[in-house]
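As written, the chains take the letters A, B, C and D, and residue 1 is the first residue of each chain.
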Amino acid sequence: MSHIFTALPQVLVDGLTLGAIYAVVALGYTMVYGILELINFAHGEVFMTGAFIGTGLLLSLGMFGIDMPAWITLILILIMTALLTGLLGIGIERLAYRPLRKAPKLIPLISAIGISFILQDLVRFVAEMKTGNYIVTGTTLFEGKFTIPFSSIIGSFQNATIKTNTIILIGITIVIMILLDIFVNRTKWGTAMRAVAQDQETASLMSINVNKVISLTFFIGSAIGGATGFLFAQQYATIDPYIGFILGLKAFTAAVLGGIGNIRGAMFGGLMLGVLEVFAAANLSTLTGGVLGSEYKDVFAFAILILVLIFKPEGLFGKSVKEKV
Amino acid sequence: MTKRALLEMSQVSAYYDQIQALQDISLEVNMGEIVTLVGSNGAGKSSTLKAICGQIKTSGTISFLGNDISKLPPHQTAKLGVAHVPEGRRIFPKLTVKENLEMGAFQLKSKKDIEQQMELVYQYFPRVKERLHQKGGTMSGGEQQMLAIGRALMSKPSILLLDEPSMGLAPIIVEQIFEIIQELNQTGMTILLVEQNAYQALSIAHRGYVIQTGKIILTDSAQNLLENKQVTEAYLA
Amino acid sequence: MSLLQIKGLTKQFGGLTAVNQVDISIRPKSITAIIGPNGAGKTTLFNLITGIYKPDKGSISLAGTSLLNRKPNQIAGLGIARTFQNIRLFKEMTALENILVGMHNHLTSNLFGTLFRLPRVRLEEQNAAKHAYQLLETVHLADKCNELSKNLSYGEQRRLEIARALATKPKILFLDEPAAGMNPKETKELTDLITQIRNDFDLTIILIEHDMKLVMKISEEIIVLDYGQRIASGNPDEIRTNPRVIEAYLGKGAVS
Amino acid sequence: MIRMDKWIDTFQKNRTSQFIVLGLFILVSSASVYFLERSVTAFLLLLGSLLLLHYTHLTNRTKWIVGLLLLVVIIPLATSGGTSQQDYMEVAVQTGIYVAMALGLNIVVGFAGLLDLGFVAFFAIGAYTYGIFASPQATQLFHSDFFPLAGTWFWPFILIGGFMAAIFGILLGIPVLRVKGDYLAIVTLGFGEIIRIVFNNMDKPVNITNGAQGLSQIQQPEIFGFTFSLASQFYYIVIVILLVIIIGVQRLEHSKLGRSWKAIREDEIAAQSMGIPLVKTKLWAFALGASFSGMMGVVFSAKNMFVDPSSFTLIESITILVMVILGGMGSIPGVILGAAVISVLNLQILTEVTNFLTQNISIPDTLSPTKMQRLIFGVILVLIAVYRPKGLITAKAKQYDPAKLAEQPISDK
């Protein structure tokens, strides 16, 4: 049992890395849900598409022999990816959700699943056409590694290693989260977004163009989701068209955990789920005496989702609302 | 008839699902008037206001300041200067009072304009100023109604559409609200008022329309309507 | 002896006390109206009695049986039926099917009987359909029996909702703003209908209504709520002249 | 032009002429299936005759007789003409299995309005129930000579598989049904995945499911010494189960329970106020829907003689959902049509088109239509949601005869 404790620093580092990804993807779910009360099932696929777009851009830069400092390349690709996936998000909303605003709730969920499938296959086509395989391994911009000397803080801890990539990933996600928080809480359009989320009809009476605000929401959510996709590809090197689905589901879990519609909650939920999951993967076998292995880490995430939805559907930070009769 | 019609509806009809909510409604509101629309629950009072600001689809023409606004969506009619204070106040409960007011001024570009309107709102509603950083949902019904009217004033509107401002409020508060409506009017604001409380509405209005099952059945000066036997029997007894 | 007995009923939402220490006692076979300004807690009161909300304090009992801690379907089974302020019909079902759903508690067929289509079940279904048709006749909707309820007009939908509630064979029928959105002619017909079903079905009726004409005409007892509290009760004449009621609800106009 | 209209009008009313046209259609299509070698078009036309039958104005009884005749006699006979009989029958069996599952899911989604994205889990329960006991896995598990069960046990296991699935439906339903609307979809999806992962990993600490390797050597059904091994023989098992299921759901649809489901779908609060217990009614939907899947799971494992977790992925659940939505939620004929269209599309048309394309023009393997299943489903889902949310055949409410209703009820006391 003692190695659970000694390995804790590494678990924490890995968990926070995964958690940061969950958190940013969860923001996309939570923003859309907040405004339309719709689970944007396709959001995981937008993340995946972002991973491919980013990796594709990086590979083609290499092909054209364009050589820039790594950090400029990174920022350039992040911006391009965000722009493209943001537009993709707007397109998805126009095509699959806007015509269904007044339909029963089941119907947009169905078109969302449809969009998910379409994206998975389209990305697979393109990947297979270009590289001959739908599993793609990209080049890594930053190769470095560090050791964080946890053992010098508490003797029984082992040191944790952390990649340069990971530091960049965590850094950028923190920047994204802070910027989004400022945007939503401090700016005119951010306030308009919250107003539309609370009462679309009344917001339109304030001369707020509701459709525009909804498009903006999809743009932002998808842009940061797609950009995170590229960071994910950099972190874990290999991507395939099916990474978005389960990751999306977990990010959604994170959003629910933090109280869906609640942006700060989603950030917290993501980090918490990431750490819990990595902890479970590393220690489930030890904790259950070998009965459950790390294969059950996904079960663990779903179990959290189900438990939260059943016992505290408003999330850890949400307030429950009563249906109006 | 030298007065200029600010808002004019002619032959406006509207449907909710398959049910006809408005039937050939024609009415006009002149600059500087308080016009009230009285009628029973479900007669089409709120629908008339919704038709004006574009929340429901209509046939017929609605013109405002000479523009045809009958096909415009709500955010565009709002930009032209129609401010609608909806039934049930509908303030944004999770936004602060200040944010609520800022949303009202969404179309104003300059900070100076916004601040100027804020000052104006504080003048009418000193209570609102005291609660600027409180969440809208935590205020009492009367305060919310004041905020809703204040929010509408933020857009520098040319006309104020008020839908049941007295709904669910204590008589004393209703009294205050009606006083403020009159005050607003005296400083030049044109007001179209929808009220269930017909007596009170008619006592501050210049003219009134009586609406029944989506049709206008009577129009006259407010004074005459107050004395009209048919009206007294149906809506005042 | 009162049929429905409510004591000290209280319900809070957040900081707002929607229903505050309300006592009500309803005589069998009476028609009672509950009036008051919007937001006075009338519909919340209905929702508390029918089990949709749980009260914070107080007691509700029907003929001596407590209704507290029972689910809405159990309360329906005890003999309380209702209509809704914002009409809640089963939209994609026909008028007749809506009524058949209302008969739920009085149909005995089980899975086995249904799957093997036992003669008993078939007979029960046929009879149920005929009873349902009779109920539609009562509310003058027999010709619309195969029509989807969403395609009925507003007034028809209100009447269908009443018939559906009657199908549960209730002891007490709660009507939440039955005349809302009706024109004077429809309201007049509704007034007659309510009196008629009270007599034909031996019912106790409690209604929330804003239309004072209707209220004054049919109610034997009127209860006035304001800010969640009962501020007055009595017969129509007493209410009409009660100064507190005039101030809180009827307005000064009523005095003249 | 007017004459034409008149002619169509007469045709619509004249049952005899409809009957003749239908007969001719069946004759021609079955003859082409019989004489042509592997003609997908002919086979589709033959199946299409069932749809045609649905749209005729024949009496219900005639429809049932003609339909049974088609399914039991004509289709098996017509496909027996060439070497591809087993291919056709394979498609028919798979289609039958999907139709049953789609009808099960239709109870949950179409009638009761509960979106279940993990429905294939119940199919897995059925398949594993039979698979474990009718394969050497049970010997290992119980150390008893009694196992594996002989093929004659297949018959009771159809019911046992259905029952097990129903039990799991209820066990899953009890916690899950507290969750509403689209949350329910996510939770059921999670449960579906959990069950698959669990089956995938239950080879340790005690080996129950044999993990990712799956169960092999599952016994084939046997009766009076006859063993079912060919698709054309399984066809009859599937047809019988399917008929029982269709009759069952038809009876349920317009029963007290069926109406309660729809009432809950339309408005939970109003349904409760009419005396309908929410949880119990929803659990019935879960249990009955699951049981159809469980039964077909047993057939599936017996037919393939092999089960592994890869047959029960999310895409399978979505496939079944696509069938229900394409056909028309809540519409029994619609759901049957939807299931048939999607299965035939998956099993037959996509393969044929791929073969055709690769033979005639060289297309990269990537773009082969068999690989485009997700894309096609995706497009179908979006198009249906946007343009035809009620599906190909919209659910119709039961029409009563006012004349009969006006009669006095017969006292049943």
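To be clear about the criterion, a residue touches a chain if its C-beta (ideal position, glycine included) is under 8 Å from a C-beta of that chain, and two chains touch if they have at least 3 such contacts.
Here the structure is a predicted model, which is why all the values come from computation and not from measurement.
Between chain A and chain B, the least number of touching-chain steps is 1. More inter-chain C-beta contacts link the pair A-D than the other of B-C and A-D. The distance from the centre of chain A to the centre of chain C, with each centre set as the mean of the Cα atoms, comes to 49 Å. A separation of 33 Å divides the Cα centre of chain B from that of chain C.
If you average the Cα atoms of chain A and of chain D, the two centres end up 36 Å apart.
Here the spacing of chain C and chain D, counted between their Cα centres, is 43 Å.
The set of chain B residues that touch two or more partner chains is empty. Of all residues in chain D, those touching 2 or more other chains are 269, listed in ascending order. For chain A, the set of residues that touch two or more other chains comprises 325. Taken in their complex, chain C has these residues touching chain B: 15, 37-40, 150-151, 153-154, 177, 179-184, 210-212, 227, 247-248, 251-254, 256. Partner chain A is touched in their complex by these residues of chain D: 109, 113, 115, 175-176, 178-179, 181-183, 185-187, 189-191, 193-194, 197-198, 200-201, 204-205, 269, 314, 318, 321, 325, 364, 366-367, 371-372, 374-375, 377-382, 384-386, 389.
For chain D in complex with chain C, the residues that touch the partner chain are 248, 251-252, 254-257, 259-260, 262-263, 265-267, 269-278, 284, 395, 397-400, 402, 405-410, 412. Considering their complex, residues 188, 191-192, 194-195, 198-199, 201-210 of chain A touch chain B. Of all residues in chain A, those touching chain D in their complex are 38-39, 95-96, 99-100, 103-111, 113-122, 124-125, 128-129, 245, 249, 252, 256, 290-291, 293, 295-296, 298-299, 302-303, 305-306, 309-310, 313, 323, 325.
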